[in-house]
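In what follows, subunit A forms one complex with subunit B and a second complex with subunit C.
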Partner chain A sequence: MPKYFQVIKITFQEYFVYRLNFVLWRFRSFVQLLVLYFLWSALIPQGTTLFGYDQAKILTYILGTSIVRSFILSSRSVDAAGEIASGTLANFLLRPINYLKYWFSKDIADKILNLFFSIIGIFLILILLRPPIIIQNNLTIIIFTVIAVALGIVLYFFLSFLLSMIAFWTPENIWPPRFLSMIIIEFLAGSLFPLDILPVGVFKALKLLPFTYLLFFPLNVYLGKLTTQEIFTGILISLFWIVVFWQLAKALFRLGLRNYAAWGR
Partner chain B sequence: MLSVSVITVKNLKKHFQVHKKEPGLVGSVKSLFKREYKTVKAVDNVSFTIDEGELVGFIGPNGAGKTTTLKCLSGLLYPTSGSVSVLNYTPWDRKPEFQKQFSLVMGQKNQLWWDLPAMETFILNKEIYEVSNENYEKIIKELTRLLEVEDILKVQVRKLSLGQRMKCELIAALLHTPKVLFLDEPTIGLDVVMQKKMRDFIKEYNRRYKSTIILTSHYMGDVKELCQRVVVIDKGKIVFDGKLEEIIKKFADYKLISVILAKEIDPKRLEEVAKIKEFDYPRVIISVKRKDVSLVAAKILDKLPIADLNIEEPPIEDIIRELFTGKNYA
Partner chain C sequence: MLPGEDKMKVFKKYLKIWLKLTILAFSIDLSNRFTATLAITGKLIRFLFFLGFLFLLVGRTETLAGYDFYQVVFFFLTFNLIDILVQFFLRGVYHFRGLIVSGDFDLILVKPINPLFRSLFQRTDVYDLMTLIALVVYMIIFVAGSNLTVTPLGVILYLVLMISSFIIGLAFHIGFLAVGILTTEIENVVWIYRDLSGMGRIPIDVYREPLRTFLTIVIPIAVIVTFPAKALMGLLSWQWVLFSFVISGLFLFLSLRFWRYALTQYSSASS
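Right, the complex of A and B next:
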């Protein structure tokens, strides 16, 4: 295991090399958060409701989405596609290191940084704007939220890694399929609006798909909108999809290597 | 000495499907709908064995299949057919126990982390290869001293010169003291001083660690100085495998007589005696069939005003070039 710990460390160091880039990137996330906040508080003034969401709930959902998104829907493994296409992958195939674990380690480094800066961001918003958002103080629910977020991270990691495998077959166009799937994933995950405003049938079907477990599910756990029963069902469904994507990612990686010509070398 | 074969390659073939595109925009549009593929035989039925501690040079023109062979030997590529055994492992199974015992260094690509000092890559590799602290300290001290890079280990890799970077690449690849080492053009782009240092280092490494090394290079100097045995590859096939001197005997059926003339003469008079290769008064180089050498030399001495005369083997570069362009492997 020390080798993956070292990967985490070296990833941190890489971030810190370019200080300005590092600071600006985090600042950007913070500004984005502010913009969303002002937009939605203007759309739903205090006292009105929209689709059954009052201002506090919708603000919590929107702010929550943007934070959870920066955790879950952000995997460094997008770059795996570039490595496959450019031939850098060879470096990993030659050495006794597992490519999946390597990228997951890089993700861990990434998430630790995000966690740190999100906490600062939220803290700033809380003291500067005093927004009417819902602060969860039920410990059980907080624990369930952490579990749901963790599952979402793993689920998205495998999904994103899977998408990167496309590079084995079409090294010249890795971005179009990635963008297309990102848009679909974000929509189905509930990053544009709360999914429960959709027709009941559609919503029920969505709950069986993996995507809602990337955003909508962890957020609703946090908001306390789900029964324990529903939480357990959700966790089980996420676990099911994690296993599916994990096995698929492994199989596709193995298959891709057969096709791999170590280009550019 | 009992020799143990470390690398065994039998009937190795690697064919690629490459898609052909006609030139121009029309060709590009056509290729959207219909693609023609052709098979490129990068490695075509290659067999050889290499014993422990050997330092073998692979030479051949660009695209001959040298690098593809090395990629098969290091497990990056699955061959189309044939078998390979390196240290009793099948490379493309990519077993960690195998990977801990070999290294592939490519002169044109790097594994160092671009934004960080080389030291960080070394530390990462130490963990990846599970090298003990004690061994790591020892080997890094030795390698940095041999390659004279003690003072650049803490400098960001992107700020290093090509030569410095290549040295660091080599250290990163050798930290786990591999038993088998594949060097793909390790001296490419380096100046003559750096080339020489690199060669000395490779020689020293081979001697010190008894490692088995395959080296490819376009510089004959590398091969001449380092390799006892040479494998010549062209169009995916082995056309020669043996001692370097034997290439000369086998493929050059001529020797060179170089003459310093005492007086200017009409080159035609020389032409009567033998074929002139170079004429740059007062120096003339004549190429003569091996069996006729003494006869022709005697004739020249007899008939022409000569200040000096030397009989030489043709330079290996020339033979190789003729071999690659003439393609008369017999």
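Right, the complex of A and C next:
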């Protein structure tokens, strides 16, 4: 366990090596937040509703999505593909370290930083722009939200790790598969807009897929839009997909290692 | 350019270099057809997702800031056209940091080619060429089937203002290169610009003041995206057309000054 704690510590230190890069990266997250805020404030002015959302609900969804996405849809395991492609993976195979646990530890450091700076970003927006947002005060709903977010973190970790495994077969070009996947994941997770504005049939089908449980589900739990039964169903579907991706990630890693020739080492 | 050198000859030389670099980029990007297909599919899906969102949105509201469905979609198509054009030509900027950090920029400086040209155009985005062709075809079909009134003057103004938009995009990318030399940081700056320019997916008139003025003068997203589309629809006054040329000239002038200053600060790190 202490070795993985060291990984978390080193990851923190890595972030602060290129400080300007770090500052601009955080500033960019803030800009993204502002862009979404201005877009939705313009689309749904105060006193109007669209797709069943008034301004307070949609801004809570958008700003909430921004926080949740900063620690669910951010995973350092994307870099595992680079290690496989460059042959650096060989260094890890020779050491007494579990590759999955190594990347999960890096993710923890990443998410702590993201959470911290996202809260600062939201805080700045709340102070500067004073948007109408919904503060949830129901403890049960808050606990369910935390559970949904935790499940989303684990689900995305395995999904992202799984995508990195593609590098075993396409080491010379690892960006396109990740690019395509991220576009689909982000959209189907509900990062651009709440998924329940889609036609009913499409929305029902999306609820069976894993992506809904990354952003849309935790945010809807927080907004109190789901019944207890719907929450439990959502948690069960999340667990199902976690097991599926976990097993697939392990299987693909083993299969990939058979194909791996440590190029460049 | 050396004193006394024929301008036409210089132009031909650089065109030849660009073609060589583009052919090399094609060879690299299309070496693996599977990943090339994935990249192009990704770009098309991203486009279709947002288009679908606009269909949903304007289908429900009927108008957006006074613009009807066809106009809103045309703004979005114009945004994509200029965005893809800039990236098709200037993708090299995304690779510039590697040159600075590794010190390989020295190798560009010692060659008898303008280092700014080489840095800007070192990589042509093949994937964007594919999406560009698809987009232009779709735009023609869309405009032909829409209720937009298109006049020959509108089309000429649209094309001229697109050049002006490209110059502003070029100026920003020259600025990014300069920032890259001064700080070794470039990627996040480019992405901040791209996030902001994403606000041009819908007409800038939708946003409230003072944001609208900010997006017209400081980061002129309105000039880049909204102006050409408005010109085609006959909704842009000549004063704004003039403003567009002035601002593109000003941005280009300032970016070139910034680039020259940055070059004087280059310290050849890592080499």
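Definition applied: the second predicted complex is superposed on the first by the 265 of 265 C-alpha atoms of A that agree within 3 Å, B and C clash if a C-alpha of one lies under 4 Å from a C-alpha of the other, contacts with A are read in each partner's own complex, and residues count from 1 in each chain.
One rule holds for everything that comes next: contacts are C-beta pairs under 8 Å (C-beta built on N, C-alpha and C of every residue); 3 or more make two chains touch, one makes a residue touch a chain.
None of the values given here were measured: they were computed from a predicted structure.
Enquirer: For A:255, is the partner it touches subunit B (first), subunit C (second), both, or none of the two (neither)?
Expert: Neither subunit B nor subunit C is touched by A:255.
Enquirer: Determine, under the contact definition given at the top, whether A:170 touches first (subunit B), second (subunit C), both, or neither.
Expert: second
Enquirer: Touching A:38 in the superposition: subunit B (first), subunit C (second), both, neither?
Expert: Touch status of A:38: second partner only.
Enquirer: Give one of first, second, both or neither to describe whether A:14 is in contact with subunit B, with subunit C, with both, or with none.
Expert: First partner only, subunit B.
Enquirer: Look at A:119 in the shared chain and tell me whether it touches subunit B only, subunit C only, both, or neither; answer first, second, both or neither.
Expert: It touches nothing on subunit B or subunit C.
Enquirer: Mind working out whether A:243 is in touch with subunit B, subunit C, both or neither, as first, second, both or neither?
Expert: neither
Enquirer: Determine where on subunit A the residues touched by subunit B overlap those touched by subunit C, and list them.
Expert: On subunit A, the residues that contact subunit B in one structure and subunit C in the other are 18.
Enquirer: Which subunit A residues qualify as touching subunit C in the complex?
Expert: 18, 20-21, 24-25, 27-28, 31-32, 35, 38-39, 41-43, 50-51, 170, 172-173, 175-177, 179-180, 183-184, 187, 192-193, 197-198
Enquirer: Quick one: which bits of subunit C touch subunit A in the complex? Just the residue numbers, please.
Expert: 31-32, 34-36, 38-39, 41-42, 45-46, 49-50, 53, 56-57, 60-61, 64-65, 183-185, 187-189, 191-192, 195-196, 198-199, 202, 206-208, 211
Enquirer: What part of subunit A is in contact with subunit B in the complex they form?
Expert: So the residues of subunit A in touch with subunit B come to 2-3, 5-7, 10, 13-14, 17-18, 87-88, 90-91, 93-97, 257-258, 260-262, 264-265.
Enquirer: Applying the document's contact rule, which stretches of subunit B touch subunit A when the two form their complex?
Expert: Subunit B residues touching subunit A: 16, 67, 71, 74-78, 94, 96, 99-100, 103-104, 106, 108-109, 111, 113, 115-116, 120, 123-125, 127-130, 156.
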